[in-house]
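Take a look at the structure set out below.
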Amino acid sequence: MNISNEKLLRMYRQMVTTRKLYDTLYELYSRGSSMGNFVAGEGEEAIPVAICANLRRDDAYKPNFRQTSCLFAKEGYELADIFSGSLFDAERGYLGFSLALGEDVGVYTGFALAAQMRRTDQVCVCTFGEGTASKGSIHEAMVIAAAWKLPIVFVLQNNQYCGGTRFSKVYDFEDLSDRARGYGIPGRSVDGNDVIATHEVVREFVDRARRGDGPGLIVAETYRLSPYFERSPGERVIEQYRPEGELEEARKNDPIPRYRRTLTEMGLLTDEDVERIEEEVDKEIARAMSDGRQRPRVDYEQYVQYAVAEL
Amino acid sequence: MNISNEKLLRMYRQMVTTRKLYDTLYELYSRGSSMGNFVAGEGEEAIPVAICANLRRDDAYKPNFRQTSCLFAKEGYELADIFSGSLFDAERGYLGFSLALGEDVGVYTGFALAAQMRRTDQVCVCTFGEGTASKGSIHEAMVIAAAWKLPIVFVLQNNQYCGGTRFSKVYDFEDLSDRARGYGIPGRSVDGNDVIATHEVVREFVDRARRGDGPGLIVAETYRLSPYFERSPGERVIEQYRPEGELEEARKNDPIPRYRRTLTEMGLLTDEDVERIEEEVDKEIARAMSDGRQRPRVDYEQYVQYAVAEL
Amino acid sequence: MAEKVEAQVTMLDCGAAINAAFREEMRRDERVVMWGEDVITMESPTAGADLCTRGLFEEFGGDRIRDTPVVEAAIIETAIGAGLAGLRPIAHVMSGGFQMGCFDPIFARLGTAYQEWKHPGTLPVVVMASVLGGAAKGADHALSPESLFMHSPGLKVVMPSTAYDTKGLLKTAIRDDFPVMFYTHREVMIREEKEPIPDDEYLIPFGQADVKRTGADATIVTYSGMVLRALAAAEELAEDGIGAEVVDLRTLVPMDVDTIVESARKTGRLLIVHEAMKRAGAAGEIAMRVTEAAPDVVMALKTPIRRLAAANVALPTSLRIERRLVPQVADIVAATRDMVEGSNTGNG
Amino acid sequence: MAEKVEAQVTMLDCGAAINAAFREEMRRDERVVMWGEDVITMESPTAGADLCTRGLFEEFGGDRIRDTPVVEAAIIETAIGAGLAGLRPIAHVMSGGFQMGCFDPIFARLGTAYQEWKHPGTLPVVVMASVLGGAAKGADHALSPESLFMHSPGLKVVMPSTAYDTKGLLKTAIRDDFPVMFYTHREVMIREEKEPIPDDEYLIPFGQADVKRTGADATIVTYSGMVLRALAAAEELAEDGIGAEVVDLRTLVPMDVDTIVESARKTGRLLIVHEAMKRAGAAGEIAMRVTEAAPDVVMALKTPIRRLAAANVALPTSLRIERRLVPQVADIVAATRDMVEGSNTGNG
């Protein structure tokens, strides 16, 4: 591994920030934010952070829908953007996502196609869940990415659950990354709760894509600590589908404390640092929230300008 | 191999019949049959014949759209049916096909699901081309077939061409049957121009499915001697997309002469037999045509009865 | 007497009514089976969906009710195959918006191909989904897709607005030998007040609209969640002495044109209201059907047929904006009043 | 003079006109790119499609024009991504029927999502397909899907009926900064007689209908392949002294309602004709738009608005049956005559 200590610590701070953001955003949602169902992705923070650490401002990145708020960690974005309504910005490589799962993967593949046609060295990383991986449109996107050797890295984020359905109950696989062979592209599985290991694999695949050697599939194994979604403010979903004790077991593998231990062992982090970072991040989020929410939002008049003909 | 001589010879006759049927049906088409574009599948006859030889009357089978006329070889069907307008009959395991390629694979998967739910030991074999294999709905069908261990055998018929696009120009694969691993099901490639080898692999996969051990994927390698389609009666499509001499090379591997040599070497077929079979088949087809075309066809009044509400 | 009635009905909400319909039909006919995402684990985001399927797995087991992966196309296509093979599948797709991702299977396979194949037999498939409007869930969740599927030759389209109608129509749908699209609506599913549902079995035939409120001055034709808003509007209008008759179509295919015509003949005014986007929405079809069935009535209307529907722009994830794009009670009141008193420009 | 004209125009069929439009726009703007199945190898079954793209690969190379595998969803979705990234893609899907298999990408991504995302920039994507009606190719090939996509908030819908209009509208479509659905029609593509196409560049703006024939007694509003049949019908009607005015909408979104209104005001009769299935087809939308724009004109019509469209049943693979299901010249003649002379029951 060659990652600078500074970068190692930045990733830690970003993971902590991502975790805390979930609470802040849930707060806002409970106070009547207007964002449909609220979803969180606690326990999966290592993956988006490891990905962002390998991307340039002009690269494209689609986090899984639970990790959209992690975009602040991508070069070009800042915390305040998360609270500002719309993150959409092709210049900074975020093309939105599809609430109808899977339909956005082909869109990001199109970004990679544009990069190839224009002969830039931009790369695209596109994440989706193991449940969404079953959608047909993703198959088509991977077929065309492989056929044209597009600069895109697909990251299948296996958090073991699709809604209330446990992955292992539905599929029996030795190695999900074998799916890559069906497209004639390289595949690799990695412990998605190990931010350093994930960072290294993402770097390898992103570098290959940037060199023009085509797409790849990374399967990042993790666990969804958050519920499927918050049905409505306050009322948490009853999660009778998780086996006794499974959640507790999984918490022991929470990527944040785990990474904290690693950094402490490496002598890069003291208990004081940990406390300080918590406090600083709280302040940053508070500031970002007030900044971001002050930015002008799209109002009715602007919104209806999107109509292509008579309203 | 243990296939009775009788069966070996029957398969030969069925391959010859299939080949001759293409000419007969094209004749009808040229004289103004109303069947949209005419498609033939010369050079691919070994595959449907080998499949039919392993199926029961109540098993389901979707030939590739170029091989629909080969249904006569499936138990329960006869030559005359091919000329009778509609072959559709769930009892005999033919549920039609989709002119929008790929959308029928999930339908046949549903037949296998019904068999499993009803605890019958029926099996379904569903064929599609290597071009169609890229369609998303096929991915979804294979996902659910694998997840539920359904009694279905997917046969990917790789005739090297999708329209004017050569497979090897688009994909680079060691072995296309690796795609099966992406679903955690067994996969196998076979020389689809070798009817005996194909018969054996199909038997193995069909038996497994019938035992309740779940689906599999067979990749049958072959070559499309026929054009993409006949644009309109008489006017053949110019096929400038085939490399010089490729077609001629491929003809040397035509499954019918090839099988004829095998049977001759096995001492099961003499030149006299060959001539006799040709003559008999011609007569059979002629008889089947007049029988089949005498059967009543759906007329306007019957057709509009399908309307669910006011016409 | 009151006692007697009590003995014959049970107060149920829509989810419980659906659950009862499923249970009765699955008991009655073992060929009735169902699958979809999380129909067993009941984590579906479809409002109230958990109630709909609760306890069915325990009673009928894993052969007849199954959870699927996220494969909407396969959910529909396997239902078609199983239906052709003799089962009577109920295929669950969580929301009307997600049906865009399995459109060919619904529109072209289920609704078209079996006619084209001249399939001699039956194809008893029910596709169930929820329209999740009114909560700024965005187009993918909140789309009301009825006009799209009305255009498919082989699909019946059912969109009830009460628990009572939902149960009776769902049982009819499950017994229908051909494809039925069945839509619940979030605002119907989450209603507080329960409805009296007869304990004895009842079925409601397709193609019979229900006059949910009578009135002399204007006819409001609508269906699904918008019936609730139309009734609230009629309430308000009544205070101003305007009598609005609310016709709940209940099924769009087949459509009960006669009931609309009779009402329009009486009131002389026809307002068509739906939640879906206006352009190429169902209102145009309803208006043409009325015109074709009773040109004399249409020519005699006091004011031209008018429609009220969502603006021609994507459903937003902002409640503030959604409320201005999708017809609200106040909009229905204003449009009706305008037709009765107003300028009669007919610009809906 | 004749010479002068000769010097200014070239006789082209529709395929060649499309080819010229592609060539001119790809030369003009290097961001214009295209992909689809067999657009290079030209084996597409789309009538005349081989002419459309002939020579483009040789001139513009493999970065700008590509053959794809059979992945309709990916064809559209990659066009969206490339469009958001600054290219101007033309995405080819062979037939309108095959667009059912990539419906979410077209309807919900291309036509809806970018509005929902509040995407500040442009999304210059043209989706091209051919409607293959009139040859009993069955629903999957022959479907005319315009009403489905008119219901998507962000899609313009273009359906020309002549080589001249096709070239001018296609160039406008390629320069449009937002999504355009562009449909050619088999019967227009295979026409024998060539049309004089100006050598100088010309563009035809969207939202301008074209009166293809004037007449005093009845207005026939239609588009795409049906314009040819409407003109043939008008020819026949003229022999009986009935003047039919044929309004070719050319674009359905945006729709030129004014031209329809003016014609209907003049003739007092309005017949809407389309090839697509009647139920929830575009005719209902056209009728409502006219009613909303000019209620006075509609109230003053000599006979109610009538529509003529395909029967509500799947398109067959039998020409014999298709001819009875889809409006033919004789049907248009009969309907028009009935409106002018006849019972005026308005039952279309």
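Letters A, B, C and D mark the chains in the order given here, with residues in each chain numbered from 1 onward.
Criterion: a residue touches a chain if its C-beta (ideal position, glycine included) is under 8 Å from a C-beta of that chain, and two chains touch if they have at least 3 such contacts.
From a predicted model like this one, the values you see are computed outputs, not experimental measurements.
Two chain pairs, A-C and A-D, are weighed by contacting C-beta pairs, with A-D ahead. For the pair chain A and chain C, the distance between C-alpha centroids works out to 37 Å.
Mean C-alpha positions place chain A and chain D at a centre distance of 42 Å.
One finds 44 Å separating the Cα centroids of chain A and chain B. Distance from the chain C centre to the chain D centre is 32 Å, each centre being the mean of its Cα atoms.
Along chain D, residues 69, 71-73, 97, 100-101, 104, 108, 113, 115, 138, 140, 153-154, 253, 279, 312-314, 316-317 each make contact with two or more other chains.
Within chain A, residues 98, 100, 103, 134-137, 140, 143, 147, 170, 298, 303, 306-310 each touch two or more of the remaining chains. A complete topology is adopted by the chain contact network, contact being made between every pair of chains. Residues 134-140, 143, 146-147, 170-174, 178-184 of chain A are the ones touching chain B in the complex. Residues of chain B that touch chain D in their complex: 34-37, 98-103, 131-132, 134-137, 162-165, 170, 228-229, 231, 237, 241, 298-300, 303-304, 306-311. Only residues 33, 63-64, 66, 68-69, 71-74, 76-87, 89, 104-105, 108-109, 113-115, 117-121, 153-156, 178-179, 207, 253-255 of chain D touch chain A when the two sit together in their complex.
Put simply, chain C touches chain D in their complex at residues 97, 100-101, 103-104, 107-108, 112-113, 115-116, 138-140, 143, 147-148, 150-151, 153-154, 253, 276-277, 279-288, 291-293, 295, 298-299, 303-307, 312-317, 344-348. Remark: chain A residues 60, 85-86, 88-90, 95-96, 98, 100, 103-119, 136-137, 140-141, 143-144, 147-148, 298, 302-303, 306-310 touch chain D in the complex.
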